[in-house]
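We call the chains A, B, C and D, going by the order they appear; numbering starts again at 1 in every chain.
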Amino acid sequence: MKLHRLRPPVTASKARHETFDVIFGHDTKAGRNFDLVLIVAILASVLVVMLESVASIRSEYGGILRAAEWVFTVAFTVEYVLRLWSVGRPFLYARSGLGLIDLVSILPTYLSVLLPGGQVLAVVRILRVLRVFRILRLAHYSGEASVLMNALRASRYKITVFVFAVMTIVAVVGSLMFLVEGPEGGFTSIPRGVYWAVVTLTTVGYGDIAPQSALGQALATVVMVMGYGIIAVPTGIVTAEIAFASRPSVGRRACEACSREGHDRDAEFCKWCGAGLGRSGPNDEE
Amino acid sequence: MKLHRLRPPVTASKARHETFDVIFGHDTKAGRNFDLVLIVAILASVLVVMLESVASIRSEYGGILRAAEWVFTVAFTVEYVLRLWSVGRPFLYARSGLGLIDLVSILPTYLSVLLPGGQVLAVVRILRVLRVFRILRLAHYSGEASVLMNALRASRYKITVFVFAVMTIVAVVGSLMFLVEGPEGGFTSIPRGVYWAVVTLTTVGYGDIAPQSALGQALATVVMVMGYGIIAVPTGIVTAEIAFASRPSVGRRACEACSREGHDRDAEFCKWCGAGLGRSGPNDEE
Amino acid sequence: MKLHRLRPPVTASKARHETFDVIFGHDTKAGRNFDLVLIVAILASVLVVMLESVASIRSEYGGILRAAEWVFTVAFTVEYVLRLWSVGRPFLYARSGLGLIDLVSILPTYLSVLLPGGQVLAVVRILRVLRVFRILRLAHYSGEASVLMNALRASRYKITVFVFAVMTIVAVVGSLMFLVEGPEGGFTSIPRGVYWAVVTLTTVGYGDIAPQSALGQALATVVMVMGYGIIAVPTGIVTAEIAFASRPSVGRRACEACSREGHDRDAEFCKWCGAGLGRSGPNDEE
Amino acid sequence: MKLHRLRPPVTASKARHETFDVIFGHDTKAGRNFDLVLIVAILASVLVVMLESVASIRSEYGGILRAAEWVFTVAFTVEYVLRLWSVGRPFLYARSGLGLIDLVSILPTYLSVLLPGGQVLAVVRILRVLRVFRILRLAHYSGEASVLMNALRASRYKITVFVFAVMTIVAVVGSLMFLVEGPEGGFTSIPRGVYWAVVTLTTVGYGDIAPQSALGQALATVVMVMGYGIIAVPTGIVTAEIAFASRPSVGRRACEACSREGHDRDAEFCKWCGAGLGRSGPNDEE
């Protein structure tokens, strides 16, 4: 969803314009206050859903929790309708990612009146937490988030190779442990061996399945030391990318002759065409 | 608390001046010896509090431990009074962070005479360990500590974005596992599912709750591999910042003769034309 | 195996040439489709082997799984024969790493007719997953994989030193815990102590063996904090290498006009004087 | 121990010179072969000690293992005597770190004849593994080891600050959990709480002590997420140092005027005194 495509209708009334600024904007004081109230309401409603899933709390405070749930749902419904009303192209908003999440946040409560099976609906309501990502559009955070996203995107091929290598190791090691330990050690099938291998290689180590025989423990030792080394690889990939993404080494000067960018800060001539770059202008440094 | 604002009174007696130098200073031999004795006393008194909480040790050596506790408390009280007496602005010190910790270190023992409920007071006494941070003001350490603090502060927005993303993942995954595994697998509520998700994603892996069903284990496998990748992100953020903060960084001074930039912070002459760079101006260092 | 040494016979028929391009190549549309089908078949056949090892699934769907196994085996056999037929030097292919894996992927199913003992053969069949690495030869992935491999190769001496240091720590710590805890705490022998030390130092922490005595727990605390610091070392090694390997690195070409170095690898003109740098010489790139 | 101070006596016989070269040297073919045999003997003797600690193996192969132990001990004794004989200053060698380890490797077996209590002596024999570090003096490894050591030494103040911060967190968190969970959750004393905090913060997570109450689990969640972030700090410190230690950015040119080093590769004038640095000489690059 591109936020700038969501505009109030050009010929809208002043009320719709102001509503738009409050609900969608982050620049006015009212808009920031609305953001704050919304965050608190979202987190509180998620807390209510979580507490309602605890049997002892539900049996004692069930009524209060259900009432709170309805208050939040009605409030979110009003907000959703106001969003549809104030935005210039309601369908564009309704079909966008955040618009769908807004809808999914309110539907389950209404459906629970019609349908039984509250647990699944409760879990769907948890997705409200995704609405929090609206605030990540605010200044500071969106820039930092995009550095992180760029670092992850730049390393996607390296990470794919790495995940494939890990999957292969896990399949082979899991099968070997199934052979070595067998059902006595809890390795009743190859998938369970693979599950154990993932638990071990990621250093989670529940201990619900653990090798019992000397050979199995020796193999596990090798896997663990390997995991030790392997955990270094994704860290190295992401670190190198983040360090690269946040360093200020390459200037933004464009060569006036060939208009290509990417010159070092200290370059005096274009490395692409050899033309002089001239003195660094004031807008060279960020 | 700015240490340089804590000065002995201008018109103070020689004794107060000397006491101030010993208690607050780290430059004289007496001051360094005092620091050393204080560190040993703090760590010993923390050890006493810890040992007193062990039932078997308390029943056997309870009398000795209580005696040691009173010795430390009286010593710290004398020290606290001397600090108040020797410092120029006692209230400034008493209201500062370290001053409050100094007070909190001695109060619980006196309160334990008046009030029952020793356990809570014992835990408060553990806060004495924070007094150790006085030594971090010493040379070497304070510089290094500030590099670490700056690296963490510079990455606070990235880390906030990251923590929000982790919280969202944990809420959604915990709810899913509650749905998939249910009470039989120990996932009796969504908060317990979230607890399990945190235990798994951080690779702690107690094993007190672990998925039993095949579907639950498959989901857990995905979460673990994800956690494997996710652990790389904060490491990458902090590493990039530390590498940036601790490198012999390049200033923004321009040479007045050839107007080129890129000199090291400690350079005195232009590396491009050999002209003197002059003293670093006040706005050169950040 | 050098792929470019695997060529169709020079005097081969058109059919053999086309078969070669489809089976070994990744450039034609048919070749890419073949790759895709092969990947799906490999992963599906690995899934079948895994599911067959689960007792409950085998008892219910055993017939279907065995039939699927034979379908995959026959298909892989046809593929293997086509590879042998279309390649110029069949023995070179058959003796190469990937050629041996191709053979190992089909042999166990035929052997299972002659020999009992299916479990070992099932595990050998899992090695089919290694065939997936054919796709890593595709564009993007092979470049990224080689960056990772180079980073690991460049740090092999550092990692050897590190692994030796860890092995020494583990041997000494494991022996100490055997002495301190003894058989009561589950430390029945030095190898078990070493196993525990590896489980702890790598932060896996199954909890199947854990120190019971106060002294053992104190020693374990020291080991864990040490492990905390030690885990940083391989990460640091690999990160530094990856950062070094993936940066737009600076070549050692000197400009013939001004003889200064420090040009980017992709520079065509000297950034210092603007003269043409000429094509990269053969010994410019490592 | 500085190896170059260990020289054969100046007036030594040819036999002593040759013995010295074989035993202490790594440059001759005989010296390298001796190193190899020694490594194998050390690892084999450590394996014997480990196997002897396994009750079932000792009861069956105890005689063979004891015989092997005596063979290794006699061989190491002969080697130790030859080292003392061939070296120019025997006492210097005997008092050096490696010399003491050589002695400790052979003493326990002789002592076991005189004294009972073999377990402690067995553990002391494990220290033989430290003799392996002789090979780290070989080419490649010693350079890489010193890069690692320098990186760790350069970050010792940062790591001290970090360890102190972790110890403080662990003491406070451990006490809080003792207060919140109490003996029912296994937190019978503050030291046990601290043990749990270390197990959790280092992400080892045995699961032998785990919070049971909702409040305890909530607190544990915070500790785990904190540990997640904290694990990034030592990694960042060490990575930054390794990256710094292994980068080739600063040349070794000394200014001819003021003879100070540390100039950038592209510097033309001394940044310390402004004198011209002249063209990079051939020995400028490593």
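Keep in mind that, in the parts below, a residue touches a chain if its C-beta (ideal position, glycine included) is under 8 Å from a C-beta of that chain, and two chains touch if they have at least 3 such contacts.
A quick map from chain label to UniProt name: A, B, C, D = Ion transporter.
All of these numbers come straight from a predicted model, not from anything done at the bench.
Chemist: Going only between touching chains, how few steps reach chain C (Ion transporter) from chain A (Ion transporter)?
Modeler: The distance in steps between these two chains is 1.
Chemist: Scan B-C, A-D or C-D for the interface that duplicates A-C, counting it as a duplicate when over half of the contact pairs agree by residue number.
Modeler: From the options B-C, A-D or C-D, the copy of A-C is C-D.
Chemist: Based on the averaged CA atom positions, which chain is farthest from chain C (Ion transporter)?
Modeler: B
Chemist: From the C-alpha centre of chain A (Ion transporter) to that of chain B (Ion transporter), how far is it in Å?
Modeler: 29
Chemist: As a quick test, compute the distance in whole Å between the mean CA positions of chain B (Ion transporter) and chain C (Ion transporter).
Modeler: For chain B (Ion transporter) versus chain C (Ion transporter), the centre distance works out to 41 Å.
Chemist: Among the residues of chain D (Ion transporter), which are close enough to touch at least two other chains?
Modeler: In chain D (Ion transporter), the residues touching two or more other chains are 191, 194, 203-207, 231, 235, 237, 239-240, 243, 266.
Chemist: Across the complex, what residues on chain C (Ion transporter) touch chain B (Ion transporter)?
Modeler: Touch residues, chain C (Ion transporter) against chain B (Ion transporter): 203-207, 235, 239.
Chemist: Can you list the residues on chain C (Ion transporter) that touch chain A (Ion transporter) in the complex?
Modeler: Touching chain A (Ion transporter): residues 46, 49-51, 53-55, 119-120, 122-123, 126-127, 129-130, 132-133, 136, 140-141, 143-145, 147-148, 151-152, 159, 163, 166, 191-192, 194-195, 198-199, 202-208, 231, 234-235, 237-243, 246-247, 263-264, 266-276 of chain C (Ion transporter).
Chemist: For chain C (Ion transporter), which residues count as touching chain D (Ion transporter) in their complex?
Modeler: Touching chain D (Ion transporter): residues 157-158, 160-162, 164, 167-168, 171-172, 175-176, 178-179, 188-191, 194, 200, 203-207, 210, 214, 217, 220-221, 224-225, 227-229, 231-233, 235-237, 239-240, 243-244, 259-262 of chain C (Ion transporter).
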